[in-house]
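Note that chain A is present in both complexes that follow, paired respectively with chain B and with chain C.
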Partner chain A sequence: MGVEWSSAPASRSARQGGWWTTRRRSRQLMGLLYVAPTVIFVAVFFIAPLVLVANMSASHWTLLGGNKGLNLPDNYSAIQESSLFWPAVVFTIEYTVLATVMLIGLGLGLALLIQSGGVWKGFLRTAFLLPSAMGLASASLLFYGLYSNQIGPINPILETMRVTTSPIQFLEEPLSALWWTTFLIVWRFAGFYMLILLVGLQAIPRDVYESASIDGANRWDSFRFITIPLLRRSLALSLILCITGSMLAFDQFYILTQGGPDNSTVTIVELIYHYAFQSQNLGTAAALSVVLLGILLILNAIQFLSLRGAEEFR
Partner chain B sequence: MKSTTEAATEIAAISPRRFLPPVLKSVPYYVLSGAAAVVFLFPLAWATFASVNGTPGSTQTEGFGVGNYTFLWDWQNGLPTYFFNTVILACGTVVITLTVSLLGGYAFARFDFPLRNTIFMMTLAILMVPVVTLLIPLLVLLKFLGIQDSLLGVALVMSMFQLPFATFMMRVSMEAVPRELEEAAQVDGAGTFDVFRRIILPSVRPGMVTVALFAFLAAWNDFITPLILIATADKEPLAVALTTMREQTIGIINYGSLEAGVVVMALPCLILFFALQGQYVRGFMSGAIKG
Partner chain C sequence: MRNPFRTSALAAIALVAVVGCASTTATPAPPTAPPATPPPGQTATPAPSTAAEPGVDDGTRITAWTRASTQSQAQMLVAAYNATHKNQVDMQIVPNDNMQTKVGAAAAAGSLPDIISGDVVFMPNWASQGLFTDITANIAALPYASTLVQGPIKASTVGGKQYGLPFIMDLSVWVYNKDLFTKAGLDPNKPPTTLAEYAADADAIQKLNIKDTYGTEIPGQCFGCEVFTWWPTIWADGGQVMNAEGTAATLNTDEAKKVYAIYQSLVKDTAPGDKSEAGATWVAGFQSGKVGIQPYPGSILNAIPASVNYGVAPIAGLTAGTQSTFIGGDAIGITSNSKHADQAWNFLAWTMSDYAQTEIVAKNLGIPVRSDLANNKYSAADPRVVIVNQVAAKGQTPLAKNFGAAFNDPAGPWGVLTRDVLYGGGATSSKLDAENAAITKVLAGS
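Moving on, here comes the complex of A and B:
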């Protein structure tokens, strides 16, 4: 029986062989033709730069002079010896932690605010999302004016309301520069994370809450033992996007603080830009780019594994 | 015996928050949500106000008027040049992204060919690599290709960054199109491109709008790509040009005109957002699925 079953398709394909394989082959060819632009794009603008950046990181390569031959460990040791490197790493991590906590915390808060209903929830959702339609660069330029002493409205308003006596110096101190830049980021991105978390919240069935409240759970219990665990996937996605995005912070610091005061807000990407265009040393910039790629791949692997671990544990 | 709905209402009635009088329950909600809405809307409203309100140091020194905008019109290479560059970049990116991802999505959704999954994964892998890691070598590579310091080169690079989302979106949309129609057309002797043009394209229009919207917004607002890849001032898009305005004069910065520039940059994005809010949310959710 079994033998007859398995031999049947074979004999049929043998009989129809010629026509069938030609047709299959022509469809394969058509497929390759349609995917060709994608392949060219990926090869020329993604794979080739990846190979080139590795090569550049191992070479003495200047912005104007081009390739001047291999110098392998030099670019990497130059990074380590630079007085800007470790502070930039530490600052980028500090900023990433702060931005991630603020964005996910406030994003969840806003999502719960929308989820709790109310007459104007459509208006609220639009209001929170509106800044995410703007570019980060234009948002940073907006806040550059908003924080300025010359035109900024916040200090005059606070003084009229007699909340503060001396004006807030938004970007003059290292710590306040970090906080006020994070405020801009929260303004620009909180709506985005609200949306991810809102999608997750809406997927939680209502009857889970109802049966919990029958069992005597209060609102905090429901939040802690129902909302958070069932929101795990959305939270994990937000976490990955937020950490990756913050590790690559550039626009906001380049525009708002220009790395200052006293180089206290230089991020890793800003340092790459600095190497490439101020020092005009593409080799060092490439080496730091490779280091950054390595850091991100490790971070992504850790997050991926811990997410998968959490799934299996469940 | 009570019906289930009656029981549910009763349970809802005894849940703790129902013990609060309705007004008291809603007051914190309104205070909190009202304050949040003000915080989110205030900067946008202020930027619009500051762009027309006269302040010392700006072109518009007193009263209301469009002085800051007229200053911007003639500033350096002129607002029309920067606006035109931004439009070219954004529209170029949309056209290139749509063309490549529609054809690629069709190949992935309907054809079987060698290395199909490898090519798809490689396309998605673009997301894993920091933009700046690719921009440093691209600076050299575009020179080698003879398209350095050009809007075409930047649009091609921006399209590459859009490709993972766009290809994924197109593949998913096309896989959702039922195959029956195509099979009927094929029996009638239609070629694969006829099928693509007459059956697939009209069915994936919503996906195309989403991909186009995201590509447009990303390219319109991209800062670091043109900052690194464009060297000549008359090819700069708005984001880069306005930032040089901030650096231009030490001491007094023309903040009024800066905010006018912010309004010019933000306006097309906000209009698109209001026109296509549904698409924005939808596209964003399908983007969220990939994670």
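Moving on, here comes the complex of A and C:
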């Protein structure tokens, strides 16, 4: 019908009487109606809980006893004084760096492998993506069984094949617990990041590579100067997802190590869980949630700003 | 309009994106609505009995939760009840580690089941928070009220009102593999009578150097297990682990240190994987005949297969002739938001009847909750059961409101102490006093 949605600012001279104004108002109303469901959802499922958690973090709120009134800033100082807080923050950051490097690195490698084609392309793609079909908690339980000293099959198999002479202790020491848990995460999520990067790779036109090789670029140069810059958006997405997801790590550590050995694998979300259900103190748990939210906001802001350069490329 | 479908499609996608953006690490989200727990006793207490059976049996479906570690006996009782009554009990098994969490979350949401059977050490906390219905009158109306084991009832008593009953008795004892004893040159009919002898027996079996077989078992990551099995030794010699109110810990006394020293010396006689054993499989080794002597829950003696020739001994103290046990297990109560209190009481009262306690519990090597049934035809037939029942008289149930947070919490202060004692500084660790103080801080609460 040719009617513009985006309204030019209605000048007084253009407003010619009742008929025109009503139509504009009804258009605005239609616009509001279309946005209304999303606004309601955001308000109910995002803003309201945020306000509630902020309120909870400022109150003395126990699990079984309920809200017992405001007590700002006791909850926040309680977190500060807790001996588990700073180790948890340090460990979560450590784990985030480790997981991100491995996941993005491996994801990129797998994507390049599949992109380069070959007979096994479809099979490999499916094989790498298959672990994504499993929920994280289920995958953690699976690995709990695999790593178990009592029922795990890995050690008996390795010993029968004479690869090792004594059983591998997967989760006994802090460092090995970290590495083997990260292994679980890499197995579970590498396919997912491979998919994101594969989509980005396939969007790069072939002739860019051809003209580069005509100009004498070798494989490493074309990777460094063509692939990486043109993959910026996919890499940005992967990075943001990976960092946020790793900062929120909980399932795998809760199921595999319960924060052990000796509280060396306690993450921030695990600490929140501990405050809420072991100490039965929802107030401190909410305070830590708010702190975590702040950390994530800062991290994501940094990432958005530094990776925004991709915009000018298109 | 240019393209209404496009716009609404975009809105729909945005909607789905917002909803679908739930975190990839979906945690069991605790409800944030303020809990509406009614004060204790607000809902109508179940009608005390007038008929042959207390309560009401009218074909209602009753929901119940129980712990994993006592599930076999619970399931037997439920099956027998369901077969003979119109009411049907729908019992859900909850892993031990999750019990506190699940109950806490459900309490906050007002969605507790009709009946909860939980670890007796959590009862002071739950009862004082108004989770259960007052059943003082109902208990008093039972003909055998005076013969019930008092520990769980005391644990569930708040302000003079009783909120729980004993459901499944669990006592800690020592079990030992008689065949391994014989192989090590020990007399299989003379179990150790002090903790030092226990350690010597474990050493002897370890020295046999049989592949995959170990002298003893110490679950390094199961702090509830250590409470269950170390404390009786301290009690046997007359010591205490907490003050009477349960608000201060005395776990750094000289007696305690002697106990810790012996357990520290036993770490070398355990499987390498024990250090990270969180309790799920801590008795599996003994049940496959691969452990010489270890502590064990008396309620699951029937889970030891016939292929293992085992003996039972009470947990001894440091001096000869002293014995004790941890009287644990499950206490059971009717929740305050239950709409079927009468029917739930019908089930509860039935589990304490002569038939249930003798034909279901005692017949399967369980421990009756009534002292008048402790010597029944089944217990007399198996001397191992007699040992367990007899030591019950010498045991204790420690009570503290913040028991779970202090002792069962995987990140809690008792865990820090036990791991320091076993794998760190040992019984003479300089951090012991600080660790005890940390336990006191949690017990004293906030």
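Points to keep in mind about this one:
What we mean here is this: the second predicted complex is superposed on the first by the 263 of 314 C-alpha atoms of A that agree within 3 Å, B and C clash if a C-alpha of one lies under 4 Å from a C-alpha of the other, contacts with A are read in each partner's own complex, and residues count from 1 in each chain.
Heads up, the rule we're going with is that contacts are C-beta pairs under 8 Å (C-beta built on N, C-alpha and C of every residue); 3 or more make two chains touch, one makes a residue touch a chain.
This structure is a prediction, so every number in the text was calculated from the model and none was measured.
In the superposed model, A:V90 makes contact with neither chain B nor chain C.
Once chain A of one complex is fitted onto chain A of the other, the partner contacts of A:A276 extend to both chain B and chain C. Contact with both chain B and chain C is seen for A:F46 once the two complexes are overlaid on the shared chain. Chain A is touched at more residues by one of its partners, and among chain B and chain C that partner is B. In the superposed pair of complexes, A:D262 makes contact with chain C only, with no contact to chain B.
Of the two partner chains, chain B is the only one that A:V290 touches; chain C does not reach it. Legend: residue contacts after superposition of the two complexes on their common chain; A:Q169 is shown touching chain C, with no touch to chain B. In the superposition on chain A, contact of A:D251 is made with both chain B and chain C.
In the superposition on chain A, A:I228 contacts neither chain B nor chain C.
Within the superposed three-chain model, A:L72 lies out of touch with both chain B and chain C [touch as defined at top]. When the two complexes are laid over each other on chain A, chain A has residues 30, 34-35, 37-38, 41-42, 45-46, 49, 52-53, 56, 61, 66, 135-137, 148, 150-151, 248, 250-251, 269, 273, 276-277, 282 in contact with both chain B and chain C.
Here chain B touches chain A in the complex through residues 8, 11-12, 15-17, 26, 29-30, 32-33, 36-37, 39-41, 43-44, 46-47, 50, 55-58, 99-101, 103-104, 106-108, 110-114, 116, 119, 122-123, 125-126, 128-134, 136-141, 145, 156-157, 159-160, 163, 167, 192, 196, 217, 220-224, 227-228, 238-239, 242-243, 246, 252-253, 255-256, 258-259, 261-262, 265-266, 269-270, 272-273, 277, 280-281, 284-285, 288, 291, going by the rule given at the top. Per the touch definition, chain A reaches chain B in the complex via residues 27-39, 41-42, 44-50, 52-53, 56, 61, 66, 110, 113, 116, 118, 120, 123-124, 126-131, 133-138, 141-146, 148, 150-151, 153, 187, 191-192, 195-196, 199, 210, 213-214, 218-219, 234, 236-237, 240-241, 247-248, 250-251, 254-255, 269, 272-273, 276-277, 282, 285-286, 289-290, 292-293, 296-297, 300.
Chain A meets chain C in the complex at residues 1, 3, 5, 30, 34-35, 37-38, 41-42, 45-46, 49, 52-53, 56, 61, 63-67, 84, 135-137, 148-151, 166-167, 169, 171-172, 245, 248-251, 257-263, 266, 269, 273-274, 276-282. Residues of chain C that touch chain A in their complex: 1-2, 7-8, 11, 14-15, 18-19, 23-27, 30, 32, 34-37, 97, 100-101, 104-105, 107-108, 125-126, 129-131, 221, 271-278, 281, 284-285, 404-405, 409-412, 416, 419, 442, 446.
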